[in-house]
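Some structures to go through are shown next.
Below, chain A partners chain B and then partners chain C, in two separate complexes.
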Partner chain A sequence: MTAMESTLQQIHAIMNQENAVLVYSGEFNQDIVKSMLSYAEGKLDATGVDDLVKKKMFNVMVEMLQNITKHQFTTDEEQVVQPCFVLIEEDDYFCVVTGNPIHVDKIDIVSERINTVNGMNADQLKEYYKQARLNSRISDVGGAGLGFIDMARKSENRLDFGVYDIDSADYKYFSLKARINKVLA
Partner chain B sequence: MDYTVSIQRVMKESNCLIALRDNFEDLLAKSALSILEKKIESEDIELSLKNKIFGVVVECVQNICSSGLRDGKTKDSVLVLSRMPNGYKIDLGTQMSADQEAIYSDIFKNFDTKDLSGIKEQRNAILASREHLTEAERDFLAVADIAIRSNGEVSYWVNESGNERFSNIEVKIINN
Partner chain C sequence: MEKLFIAKTEDTPEVDFNPETAELKMSGRSLPEDVTTFYAPVLAWLDELEEGPGGAYKFIVNLEYFNTASSKLILDILMRLEDIHSGGSSSIEVVWNYDKRDTDMEEAAEEYSELVEVPFTIVGI
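Moving on, here comes the complex of A and B:
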């Protein structure tokens, strides 16, 4: 078995297992983000989902892709690990999954923000979003967690996340998953 | 979700730029090509090389990934674009019917007996003499085009895993 044969098989196995239709790992720039959104648009058109679902999906994707663009590199620029983007299609829903390095100092605050939005219903999220907007400072990288609130509101589902070891004292790998139902309740 | 760590590791180690898995039918093929085109455009390489890569990708997506066992729901083709030290590589994995698998085996056996000019001659002969192409001839034309664009750097093999068979095509575009 050649090395590439093995790589294709590894990627295929992961994509099959997770029902992933698009996997991208590498530098994220505006063109790449635009083409991913365009791919998702084609995917959604092919699936024939409602326009409102498309809108939700787009909003969530934009928010998550913006997050990656902001947090894609480790500070030492060595890029030991790369950010990644995965689009999953199941029978009843899509999942947008991102992964990027995260400094260990930020893990607690990010986890807390996600857990907080996961514990809220739609009305609470709406109110929390208003308050967060009033209190946020635009210059903050990562802001006041507005992105997470927005993702939770738009996706109408809990946000899943995981933090994984990448053999670095300063960084871990942060994965975030948002689920968007194909048929709205 | 630890698969995200595995994916980025596998892709980084293998210099994979992007991977797509789907049935690549009609509308989706256009979107897939669009995203691949953008990725190729963003590479710091000559336009002629970009055109070669994209030409091969188009053939792969339109003629190989979207043929065979397709039911509109099955996502059984994978296309991976990778960077190599001296060029680029397109790896394609797809499920084929037994008939199509036999056609591809014959095409590549035929290629082994010919140089590029022989492949071009056979391609031109098919194009000149046929109004209605057979499935085997259509497949030959697709693979011949890939072989010509890649200067013959194309190979084919089949993986077996349990009851599943997966046809693999590897195309290298060498930057001369």
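Moving on, here comes the complex of A and C:
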């Protein structure tokens, strides 16, 4: 299967199963991130949802999209599978879903980081964020290492993730899903 | 000292640091691709302020949104201001305005206020 067929198949599967509002697959850069944020904001405005929910969505989208922008590149000569971004509307939630190739060596650390934040309540996340920010250094790719904590805090839900095999010895496909309640508690 | 003005864009805030009015203002959204480069002139300006003639300055924040990388740089700015304040030649006061419905932003401002020892007022508007 070519990379294109594989990507299209994934998108097709998602669009069929879910009520996808926005689907993007391809290279990520800051201009594309800005376009998608602006498009998503327009879509959310049209739903008439609360401003705070929109703000939370914006927040979570920025972190997820910029994560991909910073970590999308693989050392494979050809990009096996492109990263993707999907916005889904469910009955009670808006969901932000991203997918990107991940080096097999990074899977454990990323899984551990997400599992850690998923095991925390709001107060614990707040404290964890505060400490992590104090100790954080901006990395070579411009991240602060705070993204998952912030996504968990702002979305107020567990982060779902999965790792799938792709046609590569060194990479797998990592998917991440954040849910934001349409009606806040 | 010269005024520092950076016009706002879709992903970077307006920075308006005016030594004449003694008001240092930031407003808008902060999600630049490269936070280090964007905030370098801001931190450099504060270094100059520390060496400057002294005065009573107000850091006024009107940010609608900032990403996690910006959040780290905002902490760096506040810590720099704290150094200036504790140095004694200038005094610093922080006024953090937020949309009063935005509880996430209120919490963010509270967290910053707990971390730095400067007079810090949080105002829901």
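Note that the second predicted complex is superposed on the first by the 163 of 185 C-alpha atoms of A that agree within 3 Å, B and C clash if a C-alpha of one lies under 4 Å from a C-alpha of the other, contacts with A are read in each partner's own complex, and residues count from 1 in each chain.
Just so we're on the same page, a contact is a pair of C-beta atoms (placed from the backbone, for glycine too) under 8 Å apart; a residue touches a chain by one contact, two chains touch by 3 or more.
Being a predicted model, the structure only gives us computed values, none of them experimental.
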Joint occupancy of chain A by chain B and chain C, clash or fit: fit
Contacts of A:150 with chain B and chain C, given as first, second, both or neither: second
Partner chain(s) touched by A:86 [first = chain B, second = chain C, both, neither]: first
Angle at chain A between chain B and chain C, C-alpha centres, nearest 10 degrees: 110
Which of chain B and chain C A:22 touches, first, second, both or neither: first
First, second, both or neither for A:52, with chain B first and chain C second: second
More chain A residues in contact - chain B or chain C: B
Contacts of A:34 with chain B and chain C, given as first, second, both or neither: both
Where chain B and chain C come nearest after superposition, their Cα distance in Å: 15
Shared contact residues on chain A - chain B and chain C: 34, 38
Residues of chain A defined as touching chain B within the complex: 3-5, 7-12, 14-26, 29, 31-32, 34-36, 38-39, 41-43, 45-46, 81-84, 86, 89, 97-99, 160-162, 164, 166, 173, 175, 177
Residues of chain A defined as touching chain C within the complex: 30, 34, 38, 51-52, 55-56, 58-59, 62-63, 66, 69, 126, 129-130, 133-134, 136, 138, 142-144, 146-147, 149-150, 153-154
Complex interface listing, chain C residues touching chain A: 10-11, 31-36, 65, 67-69, 71-73, 75, 101-104, 107, 111, 114-115
In the complex with chain A, residue positions of chain B that touch it: 1-14, 16-22, 25-28, 30-32, 34-35, 37-39, 41-42, 75, 78, 80, 82, 89, 91, 93, 157, 159, 166, 168, 170
